[in-house]
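Below are structures written as structure tokens.
Both complexes below contain chain A, partnered by chain B and then by chain C.
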Partner chain A sequence: MNHCTSCQKALEGSWLVCTGCGAVQRNAAIDYFQALGQERRFGVNAATLEREFHRLSRRLHPDRFARASAEEQQNSLAATALLNDAWRTLRDPVTRLEYLLKLEGYAVGEEHAGKGKSAERQPPSDLLEEVFELNMQLEELRMSQKMGEAADEAVVKDLAATGVRFESMLQAVDDALAAEGAKWDTGAAEARTGAATQMIQLLDRRRYLRNLVRDVRETLGAAA
Partner chain B sequence: MEYIVGIDLGTTNSLVAYMQGDVPVVIPGVDGSNLVPSIVALDPLPQGTDQAGGAARPTVTVGNSARRALIASPERAIYSVKRLMGRGIEDIGEELKFFPFRIAPDVQPGEVLRITLGEMNFTPSEISAYVLRQLKRNAERFLGMPVKKAVITVPAYFNDAQRQATRDAGRMAGLEVLRLVNEPTAAALAYGLDRATDGSEPTRTVAVYDLGGGTFDISILKLNDGIFEVVATNGDTHLGGDDIDNLLLLVALDEIRTEHGVDLRQQPDAIQALRKSVIEAKIALSSDAVARLDIELPGGQRYQREIPREVYEQLIAPVLERTAGPCRQALADAGLTPEQIDEVVLVGGSTRIPAVRRLVDEMFHLSMRGRKPHTELNPDEVVAMGAAVQASILAGTSSATDQLLLLDVTPLSLGIEALGGVVARVLQRNSTIPASATEHFTTGVDGQTNVAIHVLQGERELAKDCRSLARFDLKGIPPMSAGMPRIEVKFLIDANGILQVSAREQRSGTEAQIEVKPTYGLTDEQVEAMILDSFDNAESDFAERQLIEARLEAETILSAVNKAPENGAWLLLSDAERAEIFAARDQLVAVQSSSDLKGIRDATTALDQATRRFAELMMDQAVSSAMRGKTMQAADQTLNENSAEIHAPHPFAHAEIDEDAAIAGGEMRKRQ
Partner chain C sequence: MAYSDKVVDHYNNPRNVGALDKSSEEVGTGLVGAPECGDVMRLQIRVNPETQVIEEAKFKTFGCGSAIASSSLATEWVKGKTIAEAMEIKNTDIVKELALPPVKIHCSVLAEDAIRAAIGDWKKKNGVAETEAVAAN
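Here is the complex of A and B:
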């Protein structure tokens, strides 16, 4: 429970603005879920979230405070920046999940795998062979691009096919993340811990796959 | 009631607009034109002016009247200065190849540029401030009250330094800049306003393609119940109609050299005259199938060239193609296909080019879906109109705009230089602004009290390829063992797209004192010192100031008219036209010293109208004279010295010049 810094009324919905007196709250400790008036969980209703973002934007945006005092303008700026940071983070399922886990005290991404030697560069063990082959294809295509030669059509075709396969793997990871996220939302403490461990590993795998897919797209894009 | 105006500070033209009730209206200048060419010319300094001692500002001419100086005294005039805003000497090499910018010789890398006009140096912000001041005056003249607040538009793809330089220019012109708005977003506001009355509509996705004089932007927005939410933006801040002009100019210069053996490249006045001709050809080619260049060269030869539209389009294709990449990137960033774009809005004078329209049509699959881009609003004026809408939103006084809200994004990712010169991203491009990010830093040496942070803007992996925004020195860190301090640095991009940085040391709990050392840009003190005229800011006696300005305007035009008969173009006027000019002049002279503000202004406008054809003729004369390798002044001199050898443009030129000059001179003496 949090209270308005101005009228002391308990805050409902978004903690960025008081429904009672209308005061914009200046509180850097408000988290993204609180900012958008959402429960701290993985599952959110995208349409509700967007509606709330628009409603709060109308209320908080610096454009609404162009004639207000310097202090009110500062509050508006800080609150809107926090609102936008929250919207950017929560609208996307993956960044939302990462944020949720961090908020719950888990180490995610670089903090988890270690800076520089993160999972982004180490292929998941079950994919070693396929990744090796993919990298060969990528290398071949890049070489021919560098030399200004026309790309070998067979290589392009193979690479495109591999790209599609990796994209479907990425989709599978996203589905698995959503399933674990649902477990988190509904489960008891023990189930949550298990889901968190799963999700952290899935996120590592996802980062690796995403980078590969991006490389494939870029290389194919340059060949087109 | 106080007006907040909307200003489009363009590369080629600038405009000022305001909300007249619920409708944005562009404010015309003294000459009745809505467009003020972004040309600034330094007037000749009064004889015997002591440069070092003179605290007074030099006088400058802005807009249409400065245009002639481009040809008559190119070393005292400047155009397209927007290309230099917020840039350093190290990144303008390309510009210097094509634009006659004279950079002060002592400018060092990392410093704010200074440009030489005549005997003085100016920063790009100061030059822009002169243009803004002219717009401010036009608005004050039109509205009859002081104007102190403005919304100014900038290209969406402008970086932090370019935005700061624009805001500084506003301050120097005596304007409080309430908001910098991105040009394509402003255009969307201008269009969206028209259609808000259509009733409730579902979310529409709109792409704004903005190809102006010197910058290109593409923005993709979602319009939903009055909220204009930008989802992606991209662009090139050095791509526009200017580049097409330069291309045509280079071709012409090259052909003149190879076919006629005449090298005009070292003659600034001739180049400007030729530039004027190719711009006219470019404009003609938007409606005609062929344009003709016919220019007299030194030695009497003629450079005659037909430019069929197909040839022209092949020539400019590479320039136009440079807009395609940013469009594709913006679509990709927005996660949209061309089919998902409901509407396309065309903004900027260069979108009149048919080849540009074809490119846009193909890019967004418009005609194949039976759609057309929006061109209902004048592409030169739509940005200023949108700025006026945004001004109205900020003023909060119009019911037409109180449901509108613009949510814009930052066009470039923000990063900090990490070990090995790589960039660690702290904020991704296309983040809705205001936006913030927090990073933590520590020390590497025992007892270290300073940490330097290098902030960059751009998409490249290496710091050296990104735009260096600023180096921040975090000073006054309490001495601790290496790695102990936990310094929290907060980056905040405000609604103008400008970065603010704050920091504190969390271990000791003391707010670290931060010295902000800008890599580019001016300090507050420097801006303060460059404010154009303090009297513009004075609250007191607006009416008196208006009167002084009106009298100055009158004096300027009268002195030009009194010199008119010395110009060869005077002879090309009919007797009736001359009589009309004299009548208008006498009317202005009669009221000039009175306190009748409206009378002086009306008479000034009337005289301006009466001399319009003369001004055009004079411009043409200046062009042909420049092409013959002489300035007007030199030409006049030769005319007087050895009249027998001169081939005057008119058989009676010589005699009449003397006669009319004598008459005009006589009248001037009488009056004084």
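Here is the complex of A and C:
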């Protein structure tokens, strides 16, 4: 529970502004969920989130404070900046997930790279062979592009098929992330730890797949 | 971020790029990757069955300059070493030699993992238990 710095009333909904006296709050410790008046959970209602963002944007907009005190103007600016960061982070399921895990004290992505034991750092071994093969295909195609040769149609076709396969794997990872997120939202403490571990691994897999899909698209785009 | 001269040298003139016959009994293949950056590294060794000396090493890495330099250096270092000696190579040695910055340390870890994976694969193929190889040292 947090209280208004001006009238001491308990804050409801967004912690950026007091529903009692209307004072914009100046508190750098407010997290993105609190800023948007959301519960700290993975599952959010996208429509509610967006509506709340727009409402708060108007409410906190610096233009409304043009004739207010210098302090209030500063508060409005800071709150608007925080609100925008919060919106950008929470609107996307993946960045929201990463953010929440970090809030909960988990090391995510680059942060846990090179730290854990090597077994934990390894990408999914079922993917390694394919990833390596894919990279060979990409290199071959780029090489022929560089030499100004026409791309080998068979290679292009193989690559396109691989790209589609990786995209569906990416979709499967997103589905799995959503499922683990739901477990976190509804589960007890032990279930949460398990879900978090799963999600961190899934995020690694996702990052891997996303890079590959991007490489395939770029290379095929250049070949077209 | 500036790469050290040694990294640039290995990047521009990578040593031992290529492939060895994966199906050969004498060849160990290590395929490792880093999820955070998408790098993949394949390191292969050909081991003399009598002496357990690594006579040939090849690599192919898809990744950043540091990852390529780390694996290039790893192949140079394992060549001429016995299996047991090669197991002693630490990622920190690679970091030192290439003057890798902290954000690129995971590239050296990857190279160490690749060496171990290649050796592990060779051991598995040849039915060498972990303890035996250590005893042979």
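Throughout what follows, the second predicted complex is superposed on the first by the 214 of 224 C-alpha atoms of A that agree within 3 Å, B and C clash if a C-alpha of one lies under 4 Å from a C-alpha of the other, contacts with A are read in each partner's own complex, and residues count from 1 in each chain.
Convention: a contact is a pair of C-beta atoms (placed from the backbone, for glycine too) under 8 Å apart; a residue touches a chain by one contact, two chains touch by 3 or more.
Since we're looking at a predicted model, the values are computed, not measured.
Legend: residue contacts after superposition of the two complexes on their common chain; A:77 is shown touching chain B, with no touch to chain C.
With both structures placed on the common chain, the touch criterion links A:63 to chain B but leaves chain C unconnected. Legend: residue contacts after superposition of the two complexes on their common chain; A:129 is shown touching chain C, with no touch to chain B. In the superposition on chain A, contact of A:146 is made with neither chain B nor chain C. Contact with chain C, but none with chain B, is seen for A:204 once the two complexes are overlaid on the shared chain. Once chain A of one complex is fitted onto chain A of the other, the partner contacts of A:87 are limited to chain B, with no touch recorded for chain C.
Within the superposed three-chain model, A:212 lies in touch with chain C and out of touch with chain B [touch as defined at top]. Interface of chain A with chain B (complex): residues 54, 57-58, 61-64, 66-67, 77-78, 80-82, 84-85, 87-88. Across the complex, chain C is touched by residues 109-110, 113-114, 118, 121-124, 127-129, 131-132, 135, 139, 204-205, 207-208, 211-212 of chain A. Listed in rising order, the residues of chain C touching chain A in the complex are 31-38, 40, 42, 60, 62, 105-106, 109, 113. Residue ranges on chain B touching chain A, taken from their complex, read 178-179, 224-225, 227, 229, 390, 393-396, 405-407, 431-437, 492-495.
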